[in-house]
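Have a look at the structure below before the remarks.
All chains are identified by letter, namely A, B, C and D, in their written order; residue positions are counted from 1 within each chain.
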């Protein structure tokens, strides 16, 4: 079992050995191996987007008693490839009055930010491409920069509807950063480290979702608000703001926004799985299988919420956040602190 | 159209002499007015006393203005104000107040001040029929585009016919024997 | 401001401008804040205007300061067309007024002609008219429920209601031949008798309808987010509704009990026992909820009419070039959206001299400019959906 | 209480997730429409006596009956054309036809790429001998009836426009 678990590590050290024997300086081998892992991450992201696009459409249609895409390829599997090709083929029109540079830069930033986030996820034991001690902190910091990209898109396309969409994003994502961060504090206190790998390691015994149910709820709600999905998709509210911040985007630029949204979905689901469902720790199956399985479970839960709930009103959502969610998350931190102290007291007394 | 003398009297208008001779509105015995109204279904009114009659009818309560429409007759525009009579014990019937605007310069006082519903209705009658409603703001076209000339529902407004079958014979598809070309 | 979390029903209107004004009063520095109103065109091409309705909104931030209705984009000049068609030829056009309740329009037009020409309608035809009309009302209310729900982004609820409507449309197609624009109720009765084993089809359709409606109700009506979005939003008091001449479910949701099927019974509605739901709240949720209740009433009506269906002819044939005596008639009917009135003036020829339709949506929408200030764009969309307007009927 | 409605909603969608789907695979599985369904039109050239009643009954002037006078001045149908682009599918023509030559069919795929394809024409089975009068008068409204002007009282003949009798006299 052990070999299966560290399959990728073994392969990596084997290559490192070859390069070492070929007389590559160690710096070059590290660079090459780093490059390989980044290419692997990039491949993972694109494949993921294609699969999530298909899953989203199929799951949505199954909830609505329809079959969903089943014509292009077996069970419609090639539908998302078809969509991607269509979007790439489409002409990417830019409104004349748009602020050219900002308009063009927005989709680039939002997609690169999401790609970078993938680098920090602990896919398996020792298999996170960037094993950073303050991984979680970096994750939160980076994920909030996507707000700037959305505001650039909304304001840059010089359209009142997208401006509204952009403004709503700023209000919503910024204010839901706080409960998101607070809900993670509980997990950090329990695992004692910010390194995502170690957090997963610390959940070998028991998953944190059982120790921190309140934090899991807060995390889920604020993650939905971060992703701007399901009850909180005010940023691209089709029925009110035509398509929110990406109203004026077509063709490949729209594809970038579209892909960024789905990549973000997978990324936040992966974070949730790492923090609360124990990342890659699991009994018999190898680590990465557990990681992918748990992430997909989180994705399906998010989709389930997406296709069940109507959209909340933005000012009520703000009230809900500031007056209910944040106090709740602070209370959760207090409870965790007290819990840890009690736990330490009983274990030390016993010894 | 029966001349609604009794109704006018019942509404405290006194004889239908020159307008304005009526006493304070609505002081006539409401009961008498209601029975008179229940009997007659229509009331022809001169444009000048239109607003007072409708105001006093509204004063009786239970009347809702549901429609204003106009008919372009050779002798003038018959504008009918249809009120739904919700109050009486019988079924909720329609009570119509008719006023005639002459063809050359169709003018009527606006009743927008009495029922807010009259705003859009009057704008429609002005737009399609061309009857001007005075004493109100915002009388502009509601259905046709703002710079549309003429009033389409008038009898002297002729529709242009659109040909149904393509004139260019050669464009016709090859005729299949049955069920048209497939 | 009372703390209202996302779920709890926010009783007070809780309009956003009030909050902004209060904040401004509390902190003088805010006054220096230079804000500027801007106009936003909601429509005529917009995902949630239910047709080509155009609202010129003046906005302060995201809350509405002023609203102006702009209609007429779907004006086809039907009343002018009527003057160059014979009475029978104009009947199919009536289904194009309120195209979601086609056969109810036919019925209004047919009743006006029958009163104009003094035509008797056989007993069986009256029963069939109630059956087909109430089926059409169910289909029309289902469209209202699903389009209101999708305007608040509950896409799954939208799908359930439309799937339920498919069954009703199949019934209408079995009876009249077409799903939407029926030309089934004509002056003198109905064009054809009911197909055989129609009763079994109706029973099956209603079972499926009840199952789907219960699921739709469970999915949406109790949902706290939906309540938060519609409870207390776009409140119309009964006085305001009467002032604007509103009729139909929108009026009954504001507490005024006015339903022509009860107050001025036509056809055989006086022989059927059903009750008319009246709600007091007058907000978007009550306008949504009252249509759900009315569907159950219509189901009851159809079942009663099917049970009491007498035998006999279904139509008194009119001569082809039917020339009614010169005269004038105004006939009104309780359509799915309110009182629909047909004013027909005949001058003795085979074509109407003047045909005017009193359209309920045309008047119901007049209340929006007074209702909109204080709402946010999201509330405006919810209120517009709850008023259930049909542009075919507004623009004629 | 807070959240019950949300949980009920989740339960409902989960239940519907597992139930049978309602999608019909259209081109493979054709829907079975009821017999009265008004899909498109069928025309029986033998029955048609080219009287033009259907064209007069049509509110939108969709039908054009081209005929010529055969032997004994009897009308022989040359071509029957319907511009379905303007058709309301109201069935007044089917009702008006004394011989039920025009009838509804339940096959409904009328979609086409060119506007001219909405023009359905059926060829009458009689061939016009070259000697017959050249003008093929059209019975029925080639265009929607003209709006009556206030002044002109509608004459009995022209109940609808263009009900022109065939040029060669009143005909049989």
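Simple rule for what comes next: contacts are C-beta pairs under 8 Å (C-beta built on N, C-alpha and C of every residue); 3 or more make two chains touch, one makes a residue touch a chain.
In this text, all values refer to a predicted model and were calculated from it rather than measured experimentally.
With steps allowed only between chains in touch, the distance from chain A over to chain B comes to 2.
Counting C-beta pairs in contact, the pair that comes out ahead of the other among C-D and B-D is C-D. Mean C-alpha positions place chain C and chain D at a centre distance of 30 Å.
Between chain B and chain D, the centres computed from C-alpha atoms are 37 Å apart. Once the centre of each chain is set as its mean CA position, chain A and chain C turn out to be 44 Å apart. The distance from the centre of chain B to the centre of chain C, with each centre set as the mean of the Cα atoms, comes to 23 Å.
Residues of chain D in contact with two or more other chains: 6, 9, 12-13, 16, 22, 144, 146-147. For chain B, residues that reach two or more other chains under the stated contact definition are 72, 159. The residues of chain A that reach two or more other chains are 63-66, 307-309, listed in rising order. Here, these are the chain pairs in contact: A-C, A-D, B-C, B-D, C-D.
Residue ranges on chain B touching chain C, taken from their complex, read 64-67, 69, 71-72, 80, 82, 84, 86, 91-94, 96, 115-117, 119-121, 124, 128, 141-145, 152-153, 157, 159. By the touch criterion stated above, chain D contacts chain C in their complex at residues 2-6, 8-9, 11-13, 15-16, 22, 33-38, 53, 57-59, 88-92, 95-96, 104, 144-148, 153-154, 159-160. Put simply, chain D touches chain A in their complex at residues 6, 9-10, 12-14, 16-17, 19-23.
Remark: chain C residues 5, 7-8, 80, 83-86, 88-93, 156, 160, 163, 166, 170, 173-178, 181, 183, 191-192, 195, 215, 218-227, 320-321, 349-351 touch chain D in the complex.
Residues of chain C touching chain B in their complex: 69, 71-72, 75, 77, 79-81, 84, 242-247, 258, 260, 263-265, 328, 330, 332, 339, 341, 343, 345, 353-354, 356, 358, 362-363, 366, 370, 395-396.
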